[in-house]
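Paired with subunit B in one complex and with subunit C in the other, subunit A is shared by the two complexes that follow.
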Partner chain A sequence: MGLLYYILKRIFFGILVIFGVLTLTFLITKIIPQNPVAVWLGLEGMQYPELVKQVTELWKLDRPIWEQYIYYVGNVLRGDFGRSSWSRGPVIADLAARFPATVELSIFAFLIAMSIAIPTGILSAVYRDKPIDHFSRILSVVGISGPSFWWGIIFLYIFYLQLGFAGSGRIGEGMSPPITVTGFYLIDSLIEGRLDKFIDVLSHIFLPALTLGIGATGFTSRLTRSALLEVLRKDYIKTARMKGLRERVVIYRHALRNALIAPVTYMGLLFGSMLGGSVFVETVFTWRGMGQYIVTAIFASDYPALLATTLVIAIIYSVANIIVDLLYTVIDPRVRVG
Partner chain B sequence: MVKILSNNILSVEDLHVVFKTYLGTVHALNGVYLEVGRGEAVGLVGETGCGKSTLGLSIVRLLDESAEIVRGKIFFNNESILEKSTDEMREIRMKYISLIFQDPTAALNPVYRVGDQIVEALQMSKGLKKVEAIEESAKILSMLGIPESKKVMEQYPHELSGGMRQRVMIAIALSKNPLLLIADEPTSNLDVTIQAQILELISELRRNTRMSLLLITHDMGIVAQVCEKVAVMYAGQVIEFGPVRAVFKNPIHPYTRGLLKVANLIGEKSRLESIQGTIPDLRHLPPGCLFSSRCPHSFSKCVQIRPYSILVDNHRSVACWLVEDKVRYCL
Partner chain C sequence: MKFDKDSPRIRELKLTLYVIRKSKMAMVSICVLLFFFTIAILAPVLSPYDPTEVHPAEIFMPPSSKYPLGTDYLGRDNLSRILYGARYSMFASLLVVVLTVLIGMPIGAVSGYLGGKVDETLMRITDIILSFPGITLALLLAYVMGRGIFSAALALSLTGWTSMARIVRGVVLSEKGKDYVIAARLIGKNDFQILFGEIMPNCMYPVIIQAVMMMGTVIISLAGLSFIGVGVQPPEPDWGVIIAEGRQYLLEYPWLSILPGILMITVVLSYNLVGDRLRDALDPRLRGELAAK
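What follows is the complex of A and B.
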């Protein structure tokens, strides 16, 4: 009962947050001194007052702001985000095409980051002040310090230009994308049963994912290290040692689970920030995802597209945080009550 | 090599431990001598920061990395602890020595059920199978006065009261039937009534098992209640050692006298007293007696030369120049 209540409460607050974001972005577009009708019609179209009046009325821009708001929220709830003034298609269709690309990239980046960060963090803590610690410390600082688009350019230069490793885009030029089932190329290519495509997609996703995850890797590694060092000083670790347990068991069974509480908190934010960070990475690697879409939307003053992508990112943030909260209850029994 | 087997389960000789900190080297233990006989209970008393806990952790070699044992010997069961390999040390911790901490909340792993934590200890020390270990833990917990022990085993440490947690800690400590139990302020964090129960429990277990006890505390009353011998520590030295009754009745070292007066165990029961001054800076130790700056009886020798432990009769030793004329043997 307690756990279900807890989950429902989290979801409720998540919805509140998303609603807040929706309202805020709506208000911001009202404050920006730019006429969406002008964006849609262009200079030429603006010369026909009839047309301007027609579009303004169609979009209810002549109504009071609260009425516009209700109209907008109603449409969003029905899944109608309007038409992109740049692609001219429904925003929802654009997003459906691009959203999986970004999510796939982010998940893959997240997995790479974690599978590097947590082991190096553990090694760093266990072999504190030994060469391996210094080495991972240097790597972390370098990873955190370099901006992701810079890493992207460096990686492209080394791996693509010099070594001839897979280049930009989601799939090699000679290949057709796999039939869309989930929108994730990695999964779709497997469903299609084309291992060659899978490997090609894998080689394409690797560099952008590494680029996207490199900062997070450094940070999480440091966080894991310090959390583990702190836990290793606790009395219950002494209790564990007094049982005669091997060092490996002391660290993995008794220390690590306690030490991971802090990094897990960070992981939720991390995943969200990866979606935001993909703006740069997608541009560098011409990855046709939401990041690229949002950049185009900004330059084109494409309000419907901007509103929709912001909302989608907010939803992902909230969901990531709910997942983190649930992970908490798995890791730490003290959170389970209330 | 001929080993002289003594009747002591534990003896510590001239133990020096330092902590390397950013602010300098802290001399935490400065030549500790201590003996715990088989089946004996020794109280280790002294004010906060005198090195009691450091001594306790040195014995099982669980000091933090910043600590270093510079000099001295520790014999447990006639074997030199400091010469043991990591694996030998692990076995000693697994089977022969137990440790109870001051704060049971911090000493139990918050993310595992208490039952699993006791079971783990039993599996290690006695090599029991999981099912047997579960039965055995339930038995130990009921023996420690916990009703519905199976139910308690299903709970997490944060779901138990402080007294219950300390009982669980004791269950873990006793699961191996240790030869030596080191209890570091086992009752300081508990209510007075619970405190009495826990102490009674420890005393009873000792009567039944021949287990030796090193009880670290700052409470003289607890020592009088539980222990046969007492070691008084000051600034990283045992400055007086002997049978509880003799020491409490006739304290020799001025510090012991002061401590007992503060505890209101001797002298007229009047207003609270305190010992003037503070312990010396452990980073810059004076050459003489570490207590000399606070001692009402100090004379020139005290400031120049540090006193060593002097046996005043067969059972008692004191590190104080005031008793030099009574010397019989030197340690």
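What follows is the complex of A and C.
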């Protein structure tokens, strides 16, 4: 079977799962203890049976459930996630503004996590059972054991309240957000040509990104360590040493390449952990992204917004997983056998 | 099973316990967990006050003999709130894991044993649930079912059973072709007897390990749901709720938020350490090595 077959198969199953996700959220809309028409019209509007009938027909709520399902899927495919029962605007507009904030934060968190985890993982493996190994083990184990919202609060207390670093929000209070081109403040501020804004945005993203990445950092650091130790026992490493290569070359040129396959495999999973963790971290740092939107929707009993955001996050995660799998299939031929 | 001191199962169990006892770290962790369970059970006896009782004249009191850990923004006793909070963290998490096993184990077993269409369908359902990252789906479900600790626990079980089901399915898949299963079929046992009488006892170890490993994550998730506002509802004193309330007064009274987090890390860390050792101690290859050390 060719590579193309596997890629198509993976995409097909990915789409199947996304439809499953859609079905699940649709079913949840059917079981929620809230009448969407009543929420939309309010107490006053409900007194006019004409109006109630009109809205019910408009939203096809009087139709059989499978017709409602088709209507729902059609709407989602067209990017219509309904209207927020709180702000009354289309949910998609709110999401469009918040989507880049979460993605920017997640990507930055991912970069920070990797740039801490991989070097410490390598050091732990190279200096196995030395103080630095114990130190990084304790740090990652304790980091994983604490809830991210708590770490966020601790970081805010130490770095913001005590040391005066940039605190919550995406940009300093005195500054206006950069012009919207990509929605990523880091990129937009550079496009605008304002280095001071860029630095301000950078200082604001650092703490939330560090917090969001804590779990991934601890996990990847441990994984890199064990993967590298495993590889260092292999015969080809012995051969490389016997050839008289320097230890540095053996570790960084020969061993590391194979050792890093394991952490790379988990990239999709780690990205998912960040999307999920954004709910907490964005709340703590008042970061106006999708995670915070979920929480505000909960407080406002805004079902359409809550459901739509959860759905969008699940779709992003599924697509990210498909991409990681596809990349992996291309990189590592062994995967195709499975 | 009649009790026989020299039966292989008993010997195995003794060896496992011996390996666990040899690890100081694991023993300390077990003691820590027992300590927190004791606190949770004895909270009504140990607490000097009712955890929701407000003392409007005495808000933000520093630690004193009257209030050993001070009071919060409503003048409630912090010590009593933290002691009562242990009940949610220790017991609600246990409930979640038990429910997870009860849902996930039969599904995984049937999926692996029957294979084919049933397996395909059930595994696609787990795929769908796993497509929601982190606790987003649990958050949604908990909210739909109505805020409160039982909705939160049920929501986490309804999303968490997938990992348990996959583990059990894996074990059943690798066991179902073995000779003892064929022998059981030859002597006329039906599918139900074979699956639950013959194969399932072999799932016990992986299930126990996974259950202990899950505890930490579940405690963090439960506290997270309470922190967001869909779990334990104020004024009830969950650790997540206490952290959320303390956050408003972080600059002046950081300890309100910091202390519950430290306790939570201690408990989660202990579960993880016990889980790690348990996994090694139940691994037939590692066990002998560790016992000989």
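Keep this in mind: the second predicted complex is superposed on the first by the 305 of 338 C-alpha atoms of A that agree within 3 Å, B and C clash if a C-alpha of one lies under 4 Å from a C-alpha of the other, contacts with A are read in each partner's own complex, and residues count from 1 in each chain.
By our rule, contacts are C-beta pairs under 8 Å (C-beta built on N, C-alpha and C of every residue); 3 or more make two chains touch, one makes a residue touch a chain.
Keep in mind that what you see is a predicted model, and the values were worked out from it rather than measured.
In the superposition on chain A, A:Leu161 makes contact with subunit C only, while subunit B stays out of contact range. By the document's definition of touching, of the two partners only subunit B reaches A:His254; subunit C does not. In the superposition on chain A, A:Gly20 contacts subunit C only, with no contact to subunit B.
When both complexes are overlaid on chain A, the residue A:Ala209 reaches neither subunit B nor subunit C. Touch criterion met: A:Leu275 reaches subunit C, while subunit B stays clear of it.
Of the two partners subunit B and subunit C, more residues of subunit A are touched by C.
Within the complex formed with subunit B, the residues of subunit A that make contact are 128, 233-236, 238-246, 254, 257-258, 331-334.
On subunit B, the positions that touch subunit A within their shared complex are 57, 60, 62, 64-65, 90-91, 93-95, 97-99, 101, 103, 106-111, 117, 120-121, 124-125, 156, 158, 169, 172-173.
On the side of subunit C, the complex with subunit A involves touching residues 124-125, 127-129, 131-137, 139-141, 143-144, 146, 216, 220, 223-224, 227-230, 240, 243, 246-247, 250-251, 254, 257-258, 260-261, 264-265, 268-269, 272.
Listing the residues of subunit A that touch subunit C in their complex gives 13, 16-18, 20-21, 23-24, 28, 31-33, 141-142, 144-147, 149-150, 153-154, 156-157, 161, 272-277, 279-280, 283-284, 294-295, 298-299, 306-307, 310, 313-314, 317-318, 321.
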